[in-house]
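Both of the next two complexes hold chain A, though its partner changes from chain B to chain C.
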Partner chain A sequence: MNNKRNFAPIFFVGPHIILFIVFILIPSIYGIYASFTNWNLISDPVWVGLDNYKTILTDADSTFYAQFFNGLVNTLLFVVFTVPLMIIIPLMIAVALEHKEVKFTSLFQTLLYVPGLISISAAALIWSLIFNKQLGVVNNLFGSEHVWAATQPYAWLTIIVITVWAGIGGNMIIYRAGINGVSKDLYESAEIDGAGPVRKFFSITLPSIKFPLIYTMVMTTAGAFNVFAQPLMMTSGGPKQGTTVLMMYIRDLAFSHGESIAGIASAMAVLLGLVILVISAIQYYVMSRNAA
Partner chain B sequence: MKKFLSAMLLLLVFTLVGCSSDKNTIQFWTPLTGEDGAYMDELVDKYNETDPEFKVEHVVTSDMYTKMYTVLNSGNGIPDLSIIHADRVPSFVKQDLLEPMTKVMEAQPEIKAENFLEEAWNAGNVEGTQYTVPLDIHSNAMYFNKDLMKKYGVENWLDDNVVTFDEMLSLQGKLEEGDYVLNDALISWVILAQIQNLGGSIEEGGKPAVNTPEMKQAIEAVKQLSDAGLMTPYGEDGYLMFQSGNVLFSTDGTWSSTGHAQVEGLNFGVTNIYAFEPSTFHNRASSHLFSMLTNEERTDEKEQGIADFLEFIRQNSIKWAEAGQIVASKEVVESPEYDEYMQSFFTSTPEEEESLYIYTYEHYPYIQEALDTYVADMIHGEIDVDTGLAEMQKFVEDKVSEGSLDIENAETEEATEE
Partner chain C sequence: MLKKIKLSKYLSYLFLIVVSAIWVIPVLFGIVTSFRSQTEVVNEGFRLLPVNWIVENYVAILENTSSAPILQWLWNSVFIATLHTLLVVVVISITGYGYSRMKFKGRDFLFFTLLGISFFPNVVNLIPSYKIIDILGWVNTPWAMIVPGLAGMGNIFLVRQFMKGIPMELDESARVDGASDFTIYSKIILPLIRPVLIVCALFSFTGSWNDFLWPVIVYTDVDKMPVTAGLLLLQDIYGNYRMIGQLMGSAILAIIPTLLLFFFAQKYFVSAINLNSGIKG
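Here is the complex of A and B:
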């Protein structure tokens, strides 16, 4: 009997711990180790200390320096463009769906959620046809003459549109769940006190769903930093490497046709990880402080 | 509870054991996704129907090279046979990842240089040792729209099977709106062909040479076509525009013939990539090569089995022509059935065979990558040609020096030990 009690927790946490160790912890540690080495994925890694970081961060003549900063800037641009939209739009939809006179709420919810289930590659193929200059709906409808994927700022626009289209559903569900948990009494008493819809939103809804908000913000931001498929599929990183994000450079360095440059790639990945960590921590700190 | 735990453990052990390869099958890895993979499946099935001692199990892996590195590192689950691309051979051999085909060639005497297209066979030959047996050559090819050529009265361009820059430039200002002479599909391959046409090279004494007069001339010549408004605009899907009948020439690959053939009303043929002179022309190509990754566990009997399979492929790979590839086996290429396939154009004469050019320089993949990154921007005037050339040279040099740093380090270590 005693034995059973001791084992029970292990069985609950065990699978997750094992998966975490095998697929996250060990690869991460090895990745950090690889970032201090010169490694082509086949021969043994050769320890080079901080050389990779020096090249990436200080050697302005190096291709890797140029790639890292171009990639980081493009990644940051992507984060700045998409994260606010991925928070605000789902929030507005979630609130709108709560309105008493809105019918078919589950239908709308499903329609908005489904894009997130479609594989991003398949979705990108559809969207690149929508934005196609000759065949595309967009140019025919608006009579525009742009080659979307090859002209700025349209190249970014295509990437943002597909990202938001695919991403709002998930956050919306979380907000809806959060809003459903808010006691109806609060809204009723606010109404009695004469609060309008705007006041109710800012004074009741927002404070009540602060945890879902923090959670979605942190997760959406971290996800946005890891962007890869959308620019790869929509613009191939063009024009003039203007939408080549850091993950694309990292992948090309490690797994392209030539001999792998996994050391530099790992160093870039570690630096990207640090950026995500710091920004997520700041977000979490600021949000939870303000909410407290 | 303990029983449950041990049951789980047993299950895990069984699953892991299940992963290891069967002694009597040849694990065969290819990067052939999509239709290519289906054609290869058919070939493998046909071979297995002959009831060989070692059956072949074809595994299509989309990111095969990454997986190869993984199994080579761990030493577990290394495939018995695999298909790699020609440009991988030099670095694989340098890193000692490939087993020579010597025993396979001894076991099946018909697997020899004379029985395969020379360029494909030589792609697997490093310093006199044969490391691969070729399946095919897949080449850059230029498709032409017969109806459009008639419309503009330029059918005579094809008389010598080579369309020249000057011929194309002569159509400047004569095109209807929305029509173009050529697209920019696989443009980096086109540039690599021009470098051969100009007698240039991508290496100089073992070092990569990207910023060369020939490279500049090649890029500027193509840029001239783009500047003249003859090339499909930057970023547009030139491949699709060719299929919709607005482009005279599409410079894509031999494998595209199947795709073009599915377009209703597209009346097309195939010829060489355009060149400066009708007398000098090249088509940049690559090759799918059978190879054996280094693996001590591969028995001699299994190598015999592999040899039997490769001999079967050599005799029966007409199926592979359906995928649009130039089959490497001479027996197939010289058979009358093969003439039905469009790509037979590239083996129709000795000159055509010689036009197929496979780059085998060790750092070629980096150069290809640099071209893919920069060339479209350069020919469409998005970045200055000289700036682009300098950046490409730097790009390749940096990658080369980073990729080979370990060797330098190893040498210094040895030196200090001495």
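Here is the complex of A and C:
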């Protein structure tokens, strides 16, 4: 009986621990190790110390330096363009849906949530056609002369539109639940004091949903740093690599048809990972301090 | 006072209707265009309804089994997402049981250590993960997409939280009656945690179905890839919008399964998102 007690937990948590070690722990450690090596994914990595990082961060003549900073800037642009929209738009929708006299809320919610279930590659095929110069909706309606995917700032606009379109559903539902949880008494007493809808929103609704706001802000930002599919499918990173994001360079360097440059790609991945960690930590710190 | 409420009500409706229309029209546009002929699209441009409804695009899509075998891709996606989801349910329920209802030394320390490590940005383990899949011989096989995701901690965290709400007295009285841990797990706990397992299953299925970066990396064989990776090839195969109807039809076929799932299980999706964010919905 006692023996059985001692070994039983191994059968319950052991299988997952093996999966965790093989598919998360080892690859994470190896990813950091590989960033200090010269590696082509086939033969053994050769230790080169900080060389990859020096090349990427300081060697202005190197293509890797140019790629890294171009990719990082484009990734940051994507984050700055999309994250505020993916917070503000679903928040406005949630406020409208939680208006006490608005009906058909589940119909609206379904219509707005469904695009999030569409795989990004299918969505990109449809949106690319919408933005297509000769055949699409946009040029038909607005008479625009540009090839959107190949002209700035339209190339960014196509990426932002598809991202926001596909990305607001989850946040919308989180905000709805948050607003729904706010005590009705608060609003009523505010009304008695003569507060208008705008005032109520800023002094009651926003402070009451600070936890969902922090959560969605951190998660949406971290997710946005991993952007890959939208620029790949909408603009192929163009024009002139103007929308090529860091994940696209990392994938190309490690997995493109020529010789793999996985060491440099790993160093870029570690740097991107650090940026994500630092920004998440700052966001969490600043927001929870201001909220307290 | 009354006027104010009216105004904000109408503004809310106006906003919701405009946004919903913007959100839905692209999907309708894709569906409608998939039933139009190429000449009609080119000559007539954008229309809300086709001049002539045709199904030739879909016939052509289904007949192309060499360069764009979409039925094969859909089958691959169904197989991958279904098996992945079933295994997720097994792994997270057993592991969640271990971390919440069994007593062993260092249990919570172990759990939170693994949870902490799992917060580390995924991008760092991407390249070595490919190498591991390669060593296992899983490149271009379904296992490349089925197994690695089982290692995640998020769903186990949810199951563990949920199980903590179930009174321990249930286990103890069963144990007095001579029940083993496996009996308690399968006969008592498993039926009780059904809601959270359904939620995790739905998200695992749609997550696996819509995954893009990983399948683009691990599949090079056209016959083995899931439909999301396949669609990436279509832009080239159907020639930069020389076969628009087929392009749209393929996109529509690829999104039907997850949409069906959503319409049958909508309430679970909504509760799932709130569960994921740690808010009681």
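We adopt the following convention: the second predicted complex is superposed on the first by the 269 of 292 C-alpha atoms of A that agree within 3 Å, B and C clash if a C-alpha of one lies under 4 Å from a C-alpha of the other, contacts with A are read in each partner's own complex, and residues count from 1 in each chain.
The rule is simple: contacts are C-beta pairs under 8 Å (C-beta built on N, C-alpha and C of every residue); 3 or more make two chains touch, one makes a residue touch a chain.
As the structure is a prediction and not an experimental result, all values here were calculated from the model.
Superposition model on chain A: chain B and chain C are shown in a clashing arrangement. When the two structures are aligned on the shared chain, A:Leu91 is found in touch with neither chain B nor chain C. When the two structures are aligned on the shared chain, A:Val147 is found in touch with chain B, with no touch to chain C. In the superposition on chain A, A:Gln241 makes contact with chain B only, while chain C stays out of contact range. Of the two partner chains placed by superposition, chain B and chain C are both touched by A:Phe255.
The larger set of touched chain A residues comes from C, when the choice is between chain B and chain C. Contacts of A:Ile120 after superposition: chain C is touched, whereas chain B is not reached. Once the two complexes are overlaid on the shared chain, A:Leu213 sits clear of chain B and of chain C alike. In the superposition on chain A, contact of A:Asn132 is made with both chain B and chain C.
With both structures placed on the common chain, the touch criterion links A:Leu41 to chain B and to chain C.
After superposition on chain A, the stretch of chain C whose C-alpha atoms clash with chain B is 217-225, while the remaining options among 109-117, 217-225 or 271-279 stay clear.
Across the two superposed structures, the residue set of chain A contacted by chain B and also by chain C is 4, 41, 132, 134-135, 255.
If you check the complex, the residues on chain B that touch chain A are 1-2, 5, 63, 65-66, 69, 72-73, 85, 87-88, 91, 95, 97, 233-237, 240-241, 244, 363, 365-366, 368-369, 373, 376-377, 382-383, 391, 394-395, 398-399, 402-406, 409-410. The touching residues of chain C, when paired with chain A in their complex, are 4-5, 8-9, 11-13, 15-16, 19-20, 22-24, 26-27, 29-30, 33, 41-42, 45-46, 91, 94-95, 97-99, 102, 104, 107, 110, 114, 117-118, 120-132, 134, 147-148, 150-153, 156, 180-181, 185, 206, 209-210, 212-213, 216-217, 227-229, 231-232, 234-235, 241, 244, 247-248, 250-252, 254-255, 258-259, 261-262, 266, 269-270, 273-274, 277-281.
If you check the complex, the residues on chain A that touch chain B are 3-4, 7, 38-43, 45-46, 48, 55, 61-64, 132-135, 147-151, 238-241, 252, 255-261, 263-264.
By the touch criterion stated above, chain A contacts chain C in their complex at residues 4, 6, 8-9, 12-13, 15-17, 19-20, 22-28, 30-32, 34, 41, 89, 92-93, 95-97, 99, 101-102, 106, 108-115, 117-130, 132, 134-137, 140-141, 165, 170, 173-174, 177-178, 181, 196-197, 211-212, 215-216, 222, 225-226, 228-229, 232-233, 247, 250-251, 254-255, 262, 265-266, 269-270, 272-273, 276-277.
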